[in-house]
Structures are given as C-alpha cells and as structure tokens.
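Both complexes below contain chain A, partnered by chain B and then by chain C.
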Partner chain A sequence: MKLLTHNMLSCHIKGVTNGFPFKIEATEVSETEADYDPDFLRHIFPRLQWPALKEGAESLGVTGLPDEVTEELLQDEDFLKAFHHALLEVTLQEGALVCPETGRKFPVMKGIPNLLLNEDEC
Partner chain B sequence: MGKGERPEHTAPPEIFYNEEEARKYTTNSRMITIQASLTERALELLALPDDGMPRLLLDLGCGSGLSGETLTEQGHTWVGVDISQAMLNVAAEREVEGDLCLQDLGQGLPLRAGTFDGAISISAVQWLCNADHRGQEPRKRMRRFFESLYACLTRGARAILQIYPENADQAHLLTSSAMKAGFTGGLVVDFPHSTRAKKYFLTLMVGHAGTLPTPQGLDGGSDHEEEAIAMAGRRSQKRRKGNARSTASARHPDGKDKAWVFKKKDQMRKKGYTNIPEDSKYTGRKRKARF
Partner chain C sequence: MKLKELHSLLQGIEPFQSPKVALEQYPTGAEIASRMLYTIESVYNEFAGRTVIDLGCGTGMLSIGAAMLGSPHVIGLDIDEDALEVAHSNVDDYEDLPVDLVQCDVNTVGEAQPGLQADTVIMNPPFGTRRKGADMDFLRAAFQVSTGTIYSLHKASTRQHIQRVAKKELGAASAKVLAELRYDLPASYVFHKQKSKDIEVDLWRFEVVCA
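Presenting the complex of A and B:
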C-alpha cells in the first residue's frame, strides 16, 4: 500500500466519527520505482492532508519532508522529487493499519490492506 | 459454468472468485479482450476533461487488475478495490501499477470525502443485489455503497458502473438507490437490440456534469463486427444458390421441386425400399387447399 492510498483511506466502522488518518504499524517496507509525473503531483496536492502524509512517511522510515508546505514549493524540483518518492514509491508490504478512534487493527499482507469489517462493525 | 447460469447464483463473490477462477482472468484471451473493451467504453463514458492531465481513479471490483491496466495505459493513477483475496493476489503477482485493497463494497468505501476524480466498475456491482450471508440486506448494502461512493468523488466527477442486471427489477433497484444517494444520471444501454452485445452502463454524475451520453448501436444494426460478418456470409451463400436454380425454384424456395422428388424416390428404390408410391402426374404437386 502506498502513502497516496493511505492518505485517502478513513476508517468506516459504524459510529466512528474521525477515522482519519490510520496509524501505520510497519514490519516490512519496500520501494518500487514509479514514473515521475510532476503534473499528477500538482493535481493531487490540494487534496492531500499533509500532516497525515508526513506522519505516515515517518512511520515507514522516510524522512526529509518539510513540516509546512505551500503552493510555491510545487515549483521546486527537489521538493517534488521527495514528494513523489514518499507518495508513490514507498510501499507498505507487511504490517497493520490502526484506527485512530477505536484502535481496531486492519492487517496489511503482501501490500494489500484487509479492510473487511466484522458483522457487528457495519 | 453452463450457459445461462449466473455466477451470482452459485456462491458469494469471495468464494466464487477462487484461485481457479482468478487464473482464468489472466490466461483466457477472450475474457481479457472483453474486459479491456468494456473498460475503454467506460473510460469514454467517464468523459474526463481532454487536457492530458493524469487523474486519480477508483476501480471497484478490480479483480486481477485487467481493467486497471487499461487505466494505466491512459496514464491515470488508480486504486483498486475487490472482495476476493485470490483475485487480488493475482493482481499483485502481475505487478499492476495501482494500489489494491481488500474490501466489501456493501460495507461502504472507507475513503475520505472528495478525493477521487472518477470511478469505474466492470461487471461487479450486480453482486450487491444478492444476500449471501444471514443478516445481509441488499437495499442497505446498496445504500451504504452509493452514499460512500458519492462522498468520495469530487464535484463534477462521474462513476461508470458496467453491470449485468439479472432482470429489469435489479437494474431499477440499483438506479433508484444511486439516485437516492444524490447522484444524477441513469442507465445507458449499448446495443439495446442485440441479446449478446447488449451492455448496461450505470452512468452516475456528482452535481452538474452534463447530459447523459448516447448509447452505441441504437439503429438496431448490431455493431458487433464478428456477428455482422457471419450474417453477411450466410446471406450471400443463399443468394448464390437461388440464382443457379430455374424459375421452378421460385415456387419451392427450399429447392425441393418435382425433379428433386423424383430423384429422392429413385434413390430409395435403389436402396431396396418397396413401399415407394408409383410415379404419376400428381407426384410432387401441392395439395389443393380444399383437400
């Protein structure tokens, strides 16, 4: 699972009001090369929750992202490269996503998060 | 699976799409072509602005990632959702570009609001019409699905869901429950006059997104190239046969004229049959109506 997906996911257990962002417990992290596309990065940037991305990146062992971001940074090539790497190249292979409100763990296996709910949760 | 049998009737999706079924989707070239052409049509209906900008799309019921590959070819980034672990494993093995999630559409999508530029789904959503476990209510599941889908799309986005409804009621149920969630749009039926080529696309729009697109093959002529070619071949053969015959064949369109009857009777006599009626002036004539 990439951090792009992590940034879009929000816990959907019944009754949970603030299920975003999932905390990441990582046991295995991999890196795959993805096509660098600044257009896509600029397109998706306004929709991202930056603090969640930064926190997620740190739990996957990626550092070097700034705390605060502005629109001007999107013209900076170095920032875009680092942004691209964190968003699309780092992949969580094994571990778990933890709901911030209930603490329910959703296991991640072979890079695929299992977000199925039990009967009493939906 | 036999002809006319629906997979929805055999088992729940997470069980039906096992390793064996998942393998079919990567080895069977016919399935691959169908999936690719359906995805292309869905993308066409999605009508993303033509500015060459890569978008973030959602693939509902992505399975082994066949539809996702078409999205990747068009330069879009996608996130796939499916309920079958076996299918997702195949997708992961094939190293598809999109990210995958194991999820039940009927439990709602765990996605933040306003995050996706569009959604497609190929042959998946009709599974929501079934209650596979005790306590599953199709109406409730549909409502959760459509409400969460509506929320996660950006304003002006579309969702194109290609479905195989079992009957008119199912199509109506899905459409009305999508409308209740706030979508506009409706059902686009391609090739409505053909039984085999007919395809249903539930075209849903968030907010104002223009008019409903026109279906393909509305003029009654099937656009199915193979079918059209096969039909044309048969017709010309028949015409050739007819031209070679004399005018007598006009009265006997099957070519079974008097000469043909005499020939057949002769053949039977040579074979040793003794109960063949004698030839007379009445042989091979049509009975009068008053007979």
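Presenting the complex of A and C:
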C-alpha cells in the first residue's frame, strides 16, 4: 500500500468520530519505481491531507518533507521529487493500520490492508 | 497501446481458483476487459494522469489494465481475501505496476470511507442475478467514490432501469451506453447447465456531478 492510498482511508468502526489518519505500524517496507509526473502531483495535491502524508512517510522511514506546502514549493523540482517518492514509491508491505481513536489494528499483509469489521464493530 | 496488444497482455491474467456463487465472481474475460479499457483510453483518455478505483476488482484484470494504460495510481477494492490473493499475484507478475489492493466491503464503501476518491471509477459489478440489487449497490457506491466518471458493465436487460436510477436518484450529469458487448460466460458453477452462455452486456459511461 502506497501513502496515497493511506491518505484516503479512515477507521469506520461504529461510534468512532476521529478515525483519520491511521497510524502506521511498519514491519516491512519496500520501494517501487513510479513514473515522475509533476502535473499529476499538482493535480492530486489539493485532495491530500498533507500532515497525514508527512506523518505516514515518517513512519515508513522517509523524513524531510516540509510541514507546509506553498505554491512555490509545488514548482520546485527537489520538493516535487521528494513528494513523488513519498506518495507513490514507498510501499507498506507488512504491518498494521492503527485507528487513532480506539487503537484497533487493521492488519496489512502482502501490502493489502484488511479493513473488514467484526460484527460488533459495525 | 493497440487493442490486440492489450488483449494479449490481459490473457495472461490468472482467473479465480474457485469462484464464489454468493459474490457472483464471474471472471472478467480478457476480451471484454480489453475492449472496455481500450475504449476508455482511446476515446476519452481517462487513465493517463488520473487516479482510478476498481470496485470489486476480483482477480485484478481491470486494475492491471488501467495501470498499463497509464494511470499513475489504481486502487482495487474487494471483500474477498481469496480473490485479492490471486489479484496480488497477478499484479506482481509485472514490475512496478502502480496498483494497490484493499480488502473492504464495496457496498458500504461510500459511507465507510468518505475520503476514498478517484477521478475514474471502473468496475465489472455483480449482475445482481444471485442477490437482487447487488448491481445497483455497486453503482451507488461508484457515484460516491468517483469525482469524474464511472465505467461499468451491466446486463443489457437492465438498461432502462439503470438510466432512470443514474439520472433521477444518483443525479448523473450524463449516462450513456458506449457499446453492447457479449459476455461469454464459461460455465463456472455447477448450476450452469450449458457449457457457456452469451450474455448481452452494456458498457456504460456515467459523468458525476461534483459537489
């Protein structure tokens, strides 16, 4: 699972009000190579929750993303390359997504998070 | 990519090992998948530079095709662990294909995952022959997940109903049948008496009105 996917997911257990973003527990992280496309990065940026991306990247061992992103940064190649790498190349293979409110862990195996709830959680 | 080339690439994708009746796990054949994907790419150019979500991805046929045709990020959603395992191994056959898989219930994904959105939604939903309304549940979910367009396959016999629901209930900006396809359904289950059966299927394109 890439961090772009992580940026869209939240915990939906009944009664949870602050289920976003999942904290990440990583036991295995890999990297793939993705095509670098600055236009796509600028297209997707307004939809992202930046603090969640930054925090997610840190839990996968990727540091150095800024706290805030300005219009100027979105034109800066060094920044865009780091953004690209964190968003589309770093992959969580094994670990868990942890609900920030309840601590419930959703396992991630072979890169696939299992978000199915137990009956008493629906 | 040419249609023939896409078709032959998709032919290498492994089918379900033991399809589940309750989930209507009919495999999306390489023939119908390649026609669907080729149309989306060549007529509308809605993979390159756009995010894609595949609802009920099964073995990953459509997800893999969308990534091959240039989407930088595809998410395949399915409830079934066994299907996802096959999808994972199919995705793994290609190097660095930008496909993520997530196990969740597509029927409730709109409410459960409000942040989960994509420019283009593609799907080959259950036809709703085993559980009535399964096809429409997927369509409703698609309208919650897509910010742009939806491409979906539905039985031709449901055409008027789909048109009505899309326009009236789901507020589609447009709902159009792009092509009539024949779904050559091999006899996957024991209750299928014939060896294979052609089903007439519509390839739909819906435009979502953004809030």
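Convention: the second predicted complex is superposed on the first by the 122 of 122 C-alpha atoms of A that agree within 3 Å, B and C clash if a C-alpha of one lies under 4 Å from a C-alpha of the other, contacts with A are read in each partner's own complex, and residues count from 1 in each chain.
Rule of thumb we're sticking to: contacts are C-beta pairs under 8 Å (C-beta built on N, C-alpha and C of every residue); 3 or more make two chains touch, one makes a residue touch a chain.
Being a predicted model, the structure only gives us computed values, none of them experimental.
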For A:E33, is the partner it touches chain B (first), chain C (second), both, or none of the two (neither)?
second
Pick one for A:T5: touches chain B only (first), chain C only (second), both, or neither.
both
Which of the two partners, first being chain B and second being chain C, lies in contact with A:L115: first, second, both, or neither?
both
Name the residues of chain A shared by its contacts with chain B and its contacts with chain C.
1-2, 4-5, 7-10, 12, 20, 34, 37, 39-40, 43-44, 47, 49, 88, 110-116
Applying the document's contact rule, which stretches of chain A touch chain C when the two form their complex?
1-2, 4-5, 7-10, 12, 20, 32-35, 37, 39-40, 43-44, 47, 49, 88, 110-116
Chain B contacts chain A in the complex at 53-56, 77, 79, 83, 85, 88-89, 92, 97, 99-104, 107-112, 114-116, 133, 135, 144, 148, 152, 154
In the complex, the residues of chain C that touch chain A are 49, 51, 72-73, 75, 79, 81, 84-85, 88, 96, 98, 100-105, 111-117
So in the complex, which bits of chain A are touching chain B?
1-2, 4-5, 7-12, 19-20, 34, 37, 39-40, 43-44, 47, 49, 88, 110-117, 119, 122
